[in-house]
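By written order: A, B, C, D and E. Residues from 1 in each chain.
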Amino acid sequence: MEGDIDVVRLHDAVVLSSGFPLLSGVDLRIGAGSLSVVTGANGAGKTSLLRLLAGLIPLTSGVATVAGIDLAEGDPRQLRRRVGWLGHEGSFYDDLSVRENLVFAARALDRPTSEIGSVVERVGLSHRIDTTTRQLSAGQRRRLGLAWLLLRRPELWLLDEPYASLDDDGRTFFDALLGDVVASGATVVVSAHDPLRSAALNPRTILLAGGRVVGDN
Amino acid sequence: MMKQLSQRLLGPVTLVLLGLTFWLGLWVTPPDRVQGNLVRLLYVHPAIAWVALYVSFGTATIASALYLWRRTRSYVMDRIAHCSMEVSVVFIVLTLITGSIWGRPTWGVWWAWDARLTSTAILGVLALGYLALRRANDDPALRARRSAVFAILSAINVPIIHFSVQWWKTLHQGATVFTSSRTVLVHGSMAWTLLFSFVGFTLLFFWLLRARYRLEIKREESSSAQLDEALASRRSEGAF
Amino acid sequence: MFRTALLVAAKDLRIELRSRVLLWQVVPFGVVALLLSGLALGPAHAGNSSAGPGLFYLVTLFVALLMINRSQAIESTPGTKASIATLGLDPAGVFLGKSLALCVELWATGLVLLAGAILVLHTALHGALVALPSIGVTLAAMAAAGTLYGALTAGGDGAATLLPVLTLPAFAPLLIAGERSFSAALHGGALWEWWVILTVALVAYLAVGVLLYGVLEES
Amino acid sequence: MFRTALLVAAKDLRIELRSRVLLWQVVPFGVVALLLSGLALGPAHAGNSSAGPGLFYLVTLFVALLMINRSQAIESTPGTKASIATLGLDPAGVFLGKSLALCVELWATGLVLLAGAILVLHTALHGALVALPSIGVTLAAMAAAGTLYGALTAGGDGAATLLPVLTLPAFAPLLIAGERSFSAALHGGALWEWWVILTVALVAYLAVGVLLYGVLEES
Amino acid sequence: MEGDIDVVRLHDAVVLSSGFPLLSGVDLRIGAGSLSVVTGANGAGKTSLLRLLAGLIPLTSGVATVAGIDLAEGDPRQLRRRVGWLGHEGSFYDDLSVRENLVFAARALDRPTSEIGSVVERVGLSHRIDTTTRQLSAGQRRRLGLAWLLLRRPELWLLDEPYASLDDDGRTFFDALLGDVVASGATVVVSAHDPLRSAALNPRTILLAGGRVVGDN
């Protein structure tokens, strides 16, 4: 299944928000099991592109299919079940602890809650597992986000500037994680200002400017 | 061809009918034994209330339901719902005003804690709420869905208003024009005038709706021209 | 659907319990509002027990608005919204769960306010007890309607103020029916018809919510 | 101090104008609340014009709570709070500015509600006009007190619900004095003493705010 | 005045938040006109240290003087007037535009509003100057934060992970800015996970772990 089927297929995709074109006509295909880095200047539309792919903002015009679901007509809920999203902002319920947040996610997804301990261990949050999310530091929130995704193991990973506020350790862990994920057949799209650190990953780089794709290799 | 002609005639016919209503209502029909000249409000208030509740709010509700139903979902329905709700606000306000004017001499007050009056006022706020809800949502599809649900939920008030006079038995006039036995309780020239007023105000609604709808289309067209401009300038952002 | 509902209800109640806002803030607010309503109307009106049910429901209504707002705020930050959206929870379940949690909170507050009304507004104890089931149904209907309207306004600009504007008129029939059945319980009168109206309203709101909650969620 | 006050007031009013929440949401909320209060009390009480001033102030109070909340929310996100804190604005000026903006908003809403009361609660037009200045002073005092209590609860957990709990009792004297002076304007009676009480309250709140607002600001 | 007077003087500074020690005894001196980078693992206490220096969280015990003001006894407002703060979260009034936010700041600080145009130009936000802040992208918010600081020109700049979500251009601009600022005699403390890119700046590096200083060079 890997490589030959497109997980993302955009043709002239336009997204408007209060009259402003966040995306101004994107043409893009991303194959299953690939790793892509979306890059571009501030305001180029990286976050908007990822949000579109996650089904978090509506398509205004053009054609867009993600994981086989048509964004214009399909059920956004079905799409969302299959993508994982890690955004700029802290996510999750601020008043619940790390553990409680993950238990909620596991229950919602019918996953065994027994995995939680090991996932938290992996992202290095064991010592803060009973801290409410509100009290976590910026990097710890990011790590909780990764734990959430590890629990879900989605088909398509959409990560918005995952490096930001991760420390050195965290980045090394993250690179290893990306390798695992891609090896397991999932598709990853990352937005970043820095190139990925591990050259072994050898990602495709998509350059955005003015809400369009202007470079691709 | 027929459609075009009827559209052309809509305005003039409305004017003629309303003119007839006013002429008959003010000069031809006799004053009432009890109410005196106040009875002439009979040719304005019930017809306006009818348009407010059933014709305009009803159109908005039906259009909303049609939008929600997948097979008939289209922005045409959304636009019709929106435009008729705006017209409905106007007619509800007119109902309240004409009712108050009528109430002052007959009941001695502008307002009473009567079930029909209060529920009519609440319907007015719901219609305003509908417009506020539209303003608060940016995404057209979401806005259309949310406002459609809200319109349908709000429509529960219409039967409450209608039956309120029976359920609570208060000040407001019971059913006079449309009784359950469907016999009209007024006679002669008065009946004709009433008929003209109902038809006239109903046509007035459709006339206003059509004008408002056209305005909306124009607005959307001009915004799609703006869109091309916005797209061009957005695309050039990166190219320096 | 019901599993999701229980999961969501447990989560909402846990967050509410943790912050203790209900106990320390909402309930005192209700009590003070009850006292103030009495004051504002002056002894002649308020001491009069016929105003009791009306004041009770009026205050409950404002308390309910506060709580609906809190219930919506739980999911309101953009980050949380996005993460939770990607869980793909069944919307009908989310609706039932949030309604259930809200209903439990409203019942708790309602009991305290009822006690307040008995003490402060001289509402007869026996009548209040007779009215209890109808109050329960009214509050449940308010919870369902509130959750529905909460979803309707979620995410929009100024959601916190839009919510009361839309909910207040929608609550009007509930308020009237609740007040009448309470009065009927106090002074005698037909209880049955109000009961029917309230139950129909509750079932209708639940049905609409289960069917349409998904439609209301953002994009 | 006064320059800061004007600057802050202009900013708050501009944000309010931009969102149009006052026009589209707060004012309709007030009107519905007025209607519902009338309904909840039933025609016998509400139609009775002696309940008019009380209901008017009760509704104004709830509207004021909404608006105090909004006024505080402007500075409530952690990032905004930090950036604004580093501007080192004169706290007395901030207090006066925020009070002024809130006062203008309350006046605008108050006028609409007064018109509503005249139409709906049969409040006599002439009496309402006589009461206008006292209403103005009461609302100004509410604005000052609200800003003060807003700062008191800012940043804490559940600020949106803590605020009403604290403010309601503080508003009680204002509410009583306002209601009495309104009633006196309607039915004749000593206006003077209520006037004095209200003005003293306004001045006192302003003085406390100017002196202590800085102390209340976080850390 | 440069170099020989300490702008920051901390001795055994402890900050508790709901019982948890954000800082567990920091000893630190920072000279006027210097450039320091605070680094350390996620949760080490970087953000907490900067917030303490900005007067945004209260000192629990120990001695702390910033810009000559005693944090335990002095007026925090006086301190805040003299420091500039750029945090993780977007700041400012979300409902005002870029221009309106800066006009507000300029008026509050008695600065001429005529500078605003050039400052916005410098941070590269001219094309979004009338956009409300809520609609800015992550990097654009960061840039607005820099514009705000440029307008204020504080004595002590406290920047929490300024690189995060800035694009390449932005980082180059930021490095140049740091050079200017230090040259003008102001003191800069930056928290970062990456070393500064411009070696010419030659900053002092302060390493935190577990809420304490564990390395300094």
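As a working rule, contacts are C-beta pairs under 8 Å (C-beta built on N, C-alpha and C of every residue); 3 or more make two chains touch, one makes a residue touch a chain.
Everything numeric in this text was worked out from a predicted model, so none of it was measured.
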item	value
Co-neighbours of subunit D and subunit A - touch as defined	B, C, E
Neighbouring chains common to subunit B and subunit E, by label	A, D
Chain pair bearing the highest count of C-beta contacts	C-D
Distance between chain centroids, defined by C-alpha means - subunit A, subunit E (Å)	30
Whole-Å gap between the CA centroids of subunit A and subunit B	48
Approximate Å spacing (C-alpha centroids) for the pair subunit A, subunit C	38
Distance from the mean Cα position of subunit C to that of subunit B, given in whole angstrom	32
Junction residues of subunit B, two or more chains touched	118, 122, 125, 129, 132, 135, 139, 141-142, 237
Per-residue multi-chain contacts in subunit E, two or more chains	88
Residues within subunit D bordering two or more other chains	19, 24-25, 28, 32, 35, 39, 42
Chains that touch, pairwise	A-B, A-C, A-E, B-C, B-D, C-D, D-E
Subunit D-facing residues of subunit B, complex	100, 109-114, 118, 121-122, 125, 128-129, 131-132, 135, 170
Subunit C residues touching subunit A - in the complex, by the definition given at the top	4, 7, 11, 14-15, 18-19, 74, 77-80, 82-83, 85-89, 91, 214, 219
Subunit A partner contacts - residues on subunit B that touch it in the complex	138-139, 141-142, 223, 226-227, 230-231, 234-239
Residue ranges of subunit A touching subunit E (in the complex, touch as defined)	17-18, 20, 40-43, 47, 88, 124, 128, 135-140, 142-143, 161, 164-171, 193
Subunit A residues within the subunit B interface of the complex	14, 16-21, 24-25, 40-41, 43-44, 57-58, 208-212, 214
